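Note sheet for the following structure.
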């Protein structure tokens, strides 16, 4: 049994509004998962459920082979919670010292004083906050708070670690440190890790697998290249982010008014050089970013708005693209989707 | 008189600890400034002073030609505050509706009801939160909150806008929107903008000028390539981020124990291809990222740790570097600094 | 504390506030070894305590109600212990011109006729009972306020009688003697008071009240006190033997001597009733 | 024991008889309690705000003193005020003693420390960032205070309600400074005390029940005014 | 007027004479007040926590009822308890009437609603994320409650201090259920009332001053125990 979580028909609603609806999802033990999605997609909501901090409106969660009972008043979920620690998006610190904030979870788990001191020393060092041990935890700066929250979670050596935007507000140096930390505890302790992020670039190397939530549902789009899109005066043309004119490919009708368009970064063709005449599905611009992401290369093309596409290493080597090179992107009807 | 702010000998201490110390700094009207620096460097502290929300321990601020009086109880700083709005790192929402949160500042400024409604409608649209107008503001998701906070500030058309990490927690699509918004209000309304960020890439195109704070002081380092650094067993070698061996250049002695090293990304030479023997000041690796930043190209080299350097467009065109290309970086004694 | 010789006594505030108990009880303890726990409250509440069996003995001044109390079997016997007297007080200016009048009833009538301010205790206390009786005797037109109380399923009427003019010249304050005196003094009004409290307020304080005795000595103004041990047949737990011993000591020559000898500010307050 | 049931039926009877005397007593009680709660709030809320938010050097000491004042007994307040407003006192000429205003003065002294202390507690807990946000949005000190009040509204309501509960159930001051004068300064509690002294417990409890009903009604009203939202 | 100065010197004299009678009275007062505050806290704090944090359907209604209970007059409580513990009452055989325990019972009834209501107010304002954080760190319900208490400590202290102030200055219940028996149930306030009844205002105020001093001392003590930290 290698399933850490198995979710079925998991729904969470607030005031009648469904903000999360997952039909089925299995998360395996000892892996690192990245969770992406726009604001309000339900990422934090999902984490709250996975950390047993809220009760879903309906649906079931199987954790480590045990069905999590639906919370009733007085029901004790500590058994589950002790194995899963969530690091909040905006972590909150108890109004005591940094040391005591970390000590809290350890005390609860009955770790003896010398053990506690040793663990606290170690985790503070990991996040480079050793000199803050006796500082007031609720007066730290934004990034310090974020790091302390991670240290507080790490001290408990959880089986599952849920990090809600672990590197937001954290400085570049420590972002690398945190990513290193996460992969290390995953490797050394077999800890299952889920994290959310809006920073694809930073997160790219970390996750073994990624999911995208959109309006509360798991979607297969990669969540790149989503643009607000309004109709231009001409027929069959729309304005991406009110700036870039885009001829819609044949067979692709724009919904009325403003809407959102998704240009699939894997379903396109790329040619070097500009194409002089505007044609359906065609965008041109200059290359602005090139980035290695695993076995593929991310290419950001400045067409007025920034459009991202992916190339395989071979394609890239064939094209030998440089920053500033003019290119033409051609999206077919299957590469364009309305959201 | 084009000076928006003139700061002299500005010091802020908390409990005897000096967290900010700026000898002299002039910020000009109508420009966009980026403020960078590691966690705890004092960025938020500086913003609090610039927004007249805290009183400096010592030093003076001249705003728009007027010296800001040192706050005494009962002193009215509203005159100044009405021109400067700060968007917090972790913005706090009043526990009313989204609409009323934005309305607050407008009401205070005596904007009439129809005017208010119109402005609120407009700014909500700007940050794509129109459908949330009647939602409870303190129950929004992380990124929604961030965007609402910006909208709340924009509604007031301030002369100066201070954004503390405006795009942290915001999704990719809206990050672009926010950057667009900031440059637009800067252009259209001549609003002076200061923002902090840890995301150099995102911020690159936005700022007219950038500053770096480090331990409360303005520094000239670009804050790139700062690594924790511990001594390796061999003489004259250190380990960058406990991973990459680095032979220190001649004349460059490592302080005892752990410390932090800065490799200046502008003081180096780059050569194509690997150099087989380890030599002082030399790192090699493969290119992992190429990014256009104004007139120069950012190059990230994966040497085990990620090292960033900058190339001018000409140099870049000369080298014709591709992702994955092996390169050698050579830092002289003046390119290496201990922090 | 299992002292057999401890009893609880409910009494009116006047016995305690006048200071009598402060000399009486030590003498009692010296003679008989009896310790008395004193609970001072309004006459009505004190009688109520006796009815409920919360105390062993009561020491009050409301003769009719005391007799009823014994008749209903709550107490064994009323021992007539002592009396003091009431006096009619008023401001020095004496707008109703009653100074020196020997008889209380005409004096009150004169107060009513001149519509001089009169403060009534209005609390159904012994003093109030006496006042109502005097007013009735004046032959003035009286008003009666009746309120109905449901008790044990039966309705019971409680009535108050007062001369016409309530709220104009006749104020009913519903408070203890001391507070009533303070109010009367403050408003420079007439009132009926027991002599003990008056003396205390006139001579026993840093700031004496201004009121003066304008009429005294009428036998109708006598104020008898009685002591009643609670009937053990009703309340088997009461310490009847000691309570009886206490009552008997009070009416003994020794007890009576202590009472007769008590001086407040050089003036005698209480007159023994059981002296042979 | 059975006087509970008896009291209950008396209370109902009292209320339904709409006894004019009862009505007067209720009216006096409500008027006095509402006014003194109002005055104490007007004094105590800003004061509490100032103590909690002003940068006072001796904040802790002030709070300790304030808390000690919560133990001020009604007798002391009664005598104190009496000293001032009695015929021989400083303000004797105003003829305040034994009026409803005298009760109000005493009760204001009684509950202002309570309101203040509870406001300090309610406001201290409000995150400083609310004030900061209001200020950066351009609020004056007063407008900032309004924001903080809105965030602390539940605590503030609790303070005001406690104060109201304290005064409407208060006896000592009403008795000493009001004088329990029938038709003028007789309140529900002094009427109750009087009934008790007379030994008519049933009526005393019946009045108490009426008082509780009124208090409940006031609270329901307050709750409606306070409106919906997070507690 | 000048009885204020007179009272002041009397108070000092009283304290320095270390009058054994005064000492007994103070001891009784402190014992009764401390015990009833303790008991009411033991009842009211968990109850308040439960009301604030439990997912009760009728939370708002319960709070309204609770607030109405704040107006419970001492006479009613006194009579109510009297009904139970008087000789003819349900618990008459326990011989509780006119003992310190009777006062404590009455006072606990008096202040438990106060403590509970103030605790509800204090705790409702604590950000839910504190509880959430504690829970994700593995805290049981009890441990979570402890965290919330620590964050709400200032409000909780205010509640307990108010309750203490209320009982130590309370007269009605002490008088009715204690009986003001010298040496046994005479508290500072009933002694004060007696002195007042006797017309010795000076002594009454002097006793009041002693009471205030004791209350101040208790508060300073409390402050020291409470320790440093944000208010």
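Order as written gives the chain letters A, B, C, D and E; numbering starts at 1 within each chain.
Here, a contact is a pair of C-beta atoms (placed from the backbone, for glycine too) under 8 Å apart; a residue touches a chain by one contact, two chains touch by 3 or more.
Nothing here was measured: the structure is a model prediction, and the numbers come from that model.
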item	value
Smallest count of steps, each to a touching chain, taking subunit B to subunit E	2
Chains touching both subunit A and subunit C, listed by label	E
Intersection of the contact lists for subunit B and subunit C	D
Top-ranked pair of chains - ranking by C-beta pairs in contact	D-E
Residue-number overlap at the subunit A/subunit B interface, same or different (half cut)	same
Subunit A and subunit B: spacing of chain centres that average the CA atoms, whole Å	22
Approximate Å spacing (C-alpha centroids) for the pair subunit B, subunit D	53
Length of the line joining the C-alpha centres of subunit C and subunit D, rounded to whole Å	35
Where subunit E touches two or more other chains at once, by residue number	3, 88, 127, 196, 201, 230
Numbers and ranges of subunit A residues touching at least 2 other chains	90
Per-residue overlap in subunit C, given as positions that touch at least 2 other chains	41, 176, 207
Each pair of chains that touches, named by its two labels	A-B, A-E, B-D, C-D, C-E, D-E
Residues of subunit C defined as touching subunit D within the complex	41-48, 122-125, 145, 147-153, 158, 166-167, 171-176, 179, 183, 185-188, 207
Contact set on subunit A toward subunit B in their complex	14, 37-41, 43-44, 89-90, 128, 139-144, 146-147, 164-165, 168-177, 180, 198-201, 223-224, 226-228, 241, 287-292, 297, 302, 305-306, 313, 316-317, 320-324
Residue numbers on subunit D that touch subunit C, as the complex places them	2-3, 6, 9-10, 13, 17, 19, 21, 86-88, 97-98, 175-176, 179-184, 186, 190-191, 194, 196-203
Subunit D-facing residues of subunit B, complex	48, 51, 53, 73-74, 76, 78, 81-82, 84-86, 88, 90-92, 94-96, 104-105, 108-109, 152-153, 156
Contact set on subunit E toward subunit A in their complex	54-55, 127, 129-130, 132-141, 143, 147, 150-151, 229-230
